[in-house]
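Should a chain be cited, it is by its letter among A, B, C and D, assigned in written order, with residues numbered from 1 in that chain.
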Amino acid sequence: MSQYQEIATVARIEKFANKNFRLTLDCPQIAASAKPGQFVMIRTGIGKDPLLRRPFSVHQTSSGGRLQIYFKVVGRGTEILAQVKTDQEISVLGPLGRGFRLNVNAPAILIGGGLGIAPMLFLAKENCRLKRNCANDLVLLGAREKNEVEHLLDDFKRLGLRLLIATDDGSLGHHGLVTEILQSTILPPGCTVYTCGPEAMMAGVSRICQAQDIPCQVSVESVMACGMGACLGCSRPAKDGSYTHVCLNGPVYDAEDLLWTM
Amino acid sequence: MSQYQEIATVARIEKFANKNFRLTLDCPQIAASAKPGQFVMIRTGIGKDPLLRRPFSVHQTSSGGRLQIYFKVVGRGTEILAQVKTDQEISVLGPLGRGFRLNVNAPAILIGGGLGIAPMLFLAKENCRLKRNCANDLVLLGAREKNEVEHLLDDFKRLGLRLLIATDDGSLGHHGLVTEILQSTILPPGCTVYTCGPEAMMAGVSRICQAQDIPCQVSVESVMACGMGACLGCSRPAKDGSYTHVCLNGPVYDAEDLLWTM
Amino acid sequence: MDYVIPRDENLPDLRVNIGSLEIANPVMTASGTFGYAREFENLMNLHRLGAVIVKGISLYPRAGNPPPRIVETACGMLNAIGLQNVGVDRFITEKMPYLHGLNVPVIVNILGDSLAEYEEITVRLAGVPGVSGIEVNISCPNVKKGGVAFGTDPIMAAAVTGAVKKKTDVPVMVKLSPNVSDITVIARAVEDAGADAISLINTLIGMAIDLPTRRPALANIIGGLSGPAIKPVALRMVYQVARVVSVPVIGIGGIESAEDALEFMLAGATAVQIGTANFINPRASEEVVEGIEAYAKAEKLLSIRSIIGGLRLE
Amino acid sequence: MDYVIPRDENLPDLRVNIGSLEIANPVMTASGTFGYAREFENLMNLHRLGAVIVKGISLYPRAGNPPPRIVETACGMLNAIGLQNVGVDRFITEKMPYLHGLNVPVIVNILGDSLAEYEEITVRLAGVPGVSGIEVNISCPNVKKGGVAFGTDPIMAAAVTGAVKKKTDVPVMVKLSPNVSDITVIARAVEDAGADAISLINTLIGMAIDLPTRRPALANIIGGLSGPAIKPVALRMVYQVARVVSVPVIGIGGIESAEDALEFMLAGATAVQIGTANFINPRASEEVVEGIEAYAKAEKLLSIRSIIGGLRLE
C-alpha cells in the first residue's frame, strides 16, 4: 500500500452552494493510487494554527494526475481551505484508509447524503468502468436543498446511472429523506448498498438493509489527528465490543460490524 | 490623542528588493491623525498564530485616507504580510507612540538607515510642507545595496531636498556607512538631526551629534506586545537609570535621554 | 462602594456576584494586560466592563526586568515584566482618581515578597475611594522562604489570604498559580482562609531560546506563558476547582471571544478575565460582553448565572 | 544489543549516548505518536531515526477510552486515548519482530497501575531481541494510592524507577509528568533511584468544551495537551532539570523542526523526541535529523554533543 505526502497545486476552485466547494488538485502520486472510499488529510493553513490536517474523501481522480475533494465550510479549517487560490500549494497526505469493496457481480445502490455524496462519485465512476454496463445500478442522493446537489448531477448522469434525488426542502426531487426513497424503491435482487452521509442517515440505511438482508457498506467519520493509525484517536465502538480505528480499519465498514446508536 | 482600530483595505503592493515591500492601505482614520515618527500595529495573520500584532512606522499618508508602510521580510509575521493581496482586509491599530518633534526653525538633517528610511519620508514631507523652503535641509540614506533604497529616491527628490546616499556594497552613492557621510559633510549651523535605523547606526549618529552639540532625535525599536502602554513589555534602559517604554514614551527620543551600549 | 447597575428589562440579566460585590456582567480585564484602563479609553467603551483589574501593585515601586521582556510563542507569549509598577502610594494618588471616575468596579491586584508587605499594601488601600476589591497575586516568590512562590504551598497561600482578609472590608480574590501538582489543594486552602473568590490561572512558567544567538529570548531567562495556548490548562483547572470550592471561581487564560468565556462559565466560572487578547484586539473585553449578551438572548436565558457550571456530563 | 552506526567522516558526528546506549543521532519518536513505526514506513526513511519509542505498553491489553478521544486546541491538541495497547505479550510477538528488523534502537514505553505491574512488564521484556531501552511512563494514576499519579510524588516516582532498574539490563529512561510544582524534585528522585536518563515532558493536563452541545469535547472530560503550545513549558523544564541532574535529559514537547530540537539541546537536552508533529508531517522526525545535520555542518561542529547545554547566559 503506497502513501504519499505530496505538495499539490490547486488547479481549480468551484463554489457551489454558499458553503460548498470543490477543489481540483494536481497531485499525481496520490491520484494514481487512490481507490473509491479512501480519503486524504490536508493541511489547511501554513502556520501552527489550525495545527492538524483535516480529512476529506477523494471525490474523483483523473488519469491526468488530478484529484478532487468536495467539501463544506463548517469550521476554521474548511474556512481557510475555501479561500485557497489557483496555483497555491497545499500539502496532501494519502491515499488513506480502506475504501469500498466493490462487488462487480452485484447491482450497486449508491446512497450519498449531504457531503457524503463526495466519495460516491468516485465509486460510481469505478463501478461503471469495471462493469461497463451499469444500467442496473442506482444512485440516490440526498441534500438539504437543491444547491447542495445539483452541480454534481451532470457528473453522475454522464456515467449512465439511474439517479434519484431527495431534498429536505423539496427544492429538487423527492421532498423528504433519501431513506424514504430507498424504502419505496424496488431494489434489484442481489444488490449491494454503498453509502456515505450523516450518521442518522447511514443508521437508517443500514437498518433498512439489514431488514431486507442486503449487504451494506458504510463510510463513517471520526475526529482524526494522524489519519494513518499512529495516534489511535479515531476510535469507534465496533459490534464486537472493541474499538475500531476509522482511519485504518475504515472509513468504509460493513454496516453490521459497527454499533449504531441512532 | 485619538487612536483607532481600523479594518484597512490593501490598495497597492509594491515589491522593491527581494524582501522589501511597500503596502498602501486604505485606512482613513489612522491616516488622518498620524504624525511622522508614529507607528501602527498590524495583525499579519487571521488565526491565532502569529498571535501578536507587528509594529511598523508610518511611511507616508495621503489626504485621500491612505497610509503606507515600508517593510522587510525578517520572520513569520512579515512573511505573511508580504503575501497579502489587493483588496484584502487587515486590522491596523494606530497611530501609536510619540513621533518626531520637528523644529521648523532649524535646518533639518534626516538620516535613515535600512528600514529606518521608512519614517523618514513622512518626516521629510511634513518638514517641507511646514517650511515651504527646504533647500537648506539634507537627507542621508544608507542601505546595504542599491535595491534597498533606489525605489524610494524619487519620493524624496520630489520634495526638493538635498539627498546623499551610502551603500555597504558601493552599488549606489558612497561606498560605506551613512555615518561616514555625516562626518564628512559640513552641516548647516543650528541644524537638528532626526534619525532612524539600525541600533549601531543610531548610536554612531548620536555620538557624532553629541560631539558637535547638535540636537538629535532617534526613533528606536523594541519588541512589543500591545503598542499602547498596557503590557510594559517594550522597556529600554534610559539615561536616568529607569526604564522607558518605547511604545508610549517613544519610539522617538532625544538621543541623549537613552543609554547607548554600542 | 455601591455601583448602580442600570438594568434594561428587555436585556438578559448579566449580573454576577463576587462575594459582596455585584458586577454588571462577568467580564473583567486581567491584571497586567490592561494597564490602568486609561490606555484603552480611545479604543473601547470602558463602561461596558464588569470590572477593571489593574496591573499588580507592590508596596514600593519596582523597576521591573531588563529587556527583552516579552517574546511570542506558538499561540501564546512569554512575559517577564518583573512586576514593574509605581508602588501603592503613587498608584493611589496618580492612577485611582481616573479609575474611580469610570464608575466601573476597580479591583486592585497586589503582590509582595512577604506577608507583611501584603498586609501593608492592603492597609494602604483600605478606604481608598473606588477600590471595590482586592486580587491577591500569590505567584510571586517569597523572599523569606528562599524564593518559593507563596502560591505553590497551601499553608503559605492560606497565610497570605488570611492576612489580607483581616485588613480589608472589600471582597478578596486570590489568584492562583497553575504551576502546581494539585490546584484543588491550594484552592481549598485559600477558601478556608477566607478568600471571597478564586482567580485562575496566572501564567504557566515557560522559556524560549533564540537559536541564532544561542541566548534565552528573555533577559530573565524564564517567563510567564499566556494566551490561547494555555486555555486548555486553564479550563481544566477551573473545572477542577469549581467542583471543590463554594466561592466563585474567576476563569482566566487564553480567553479571546464570548465563546471562550462561555466555556469557562460552563466549566464553573462565575466570571472571566481577558488578558493577552487585549493586546491583539483592544476591544476584546467589550466584544466578549456583547457576545455573552447575544448568547444569553439567543438561548433565552433569564440570567447568565444559569449557565455557571452547566457543563453536561451525563 | 549493539548497533553498528556507520560514520561518514565527512559528516558531523551526531551520535549521543543515553546511558550505555549509543544512538546515531539525537532524534527519537515520542511514545504514542508513532504507532509501532510500521505505520510510517511508506512515508519516511525509518533508518534515519536515532531511536523509535513505541506506544505505551501495559501488562494486559487495554481497550482505551470511548470517543471522542482527541480535540484540536490553539496550536495544540488534547488526547485521551486511554493508553489503548495490545499488552506486553502480544507486543513482543506481534510488533517486536518488525521493529527488530529495522536496525534502529527500539525503546519500549511502559506503564502500570502498580509497582508490581511495572516490574512484571520489565521482566517480560528482558532479553527480547531488539529492545534497546525502556522508558517508564509515570504519569499514570497509581490505583493502589487512590489514583494519584506516580509521577507527582518523588517517593513513588523513585520506587517505580528502582523497581524497573532491578529487573533489566538495558538503559532505563523515566518520563516525567509536567503537572507538578517542582519538576527538579521528581527528577532528582528518579536519578537517585538509578534512572539512566530523564524524558520530559509528557502532556499537560487540559480540557476543552464544545459550546453548542455544552459537553466536554473529550468523552474522558480531561486529556493531555501536546504540540507547539506546550513547547515553552517543556523547554523551561528541560533547562531546570538539566542543571540539577547529571544523567542525560531527553527533551519532548512541541518539537516540529530542527530549530526547535536544537533549542532543547542548548537548554540541556542530550536528545529529543518528536510527538504531535508526526501527525502533521509524517517526515517530521527525519527532517529534524537532516536539519540538525545541516546545522552542525554550517556551524562546523565536530560533534553535536558540543551544543548540549550550550545556552549563553553571560
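Methods note: contacts are C-beta pairs under 8 Å (C-beta built on N, C-alpha and C of every residue); 3 or more make two chains touch, one makes a residue touch a chain.
Quick caveat: nothing in here was measured; it's all calculated off a predicted structure.
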Farthest chain (mean CA position) relative to subunit D: B
Top chain pair, ranked by how many C-beta pairs fall in contact: C-D
CA centroid of subunit A to CA centroid of subunit C, Å: 48
Rounded Å distance between subunit A and subunit B, as computed from the means of their C-alpha atoms: 54
Subunit A-subunit D separation of Cα centroids, rounded to whole Å: 37
Residues of subunit B touching at least two other chains: 48-50
Residues of subunit D whose C-beta touches two or more other chains: 74-76, 227-228
Topology of the chain contact graph, where touching chains are joined (line, ring, star, complete, other): complete
Of all residues in subunit A, those that touch subunit C in their complex: 48-49
Residues on subunit A engaged by subunit B in the complex (per definition of touch): 45-50, 76, 80
Residues on subunit C engaged by subunit A in the complex (per definition of touch): 74-75, 228
Subunit B-touching residues of subunit C, taken from the complex the two chains share: 32-35, 39-40, 42-43, 55, 63-72, 74-77, 79, 81, 84, 227-228, 256, 276, 278-283
Touching residues (chain side subunit B, partner subunit C) in the complex: 1-5, 43, 48-53, 91, 93, 222-237, 242-243
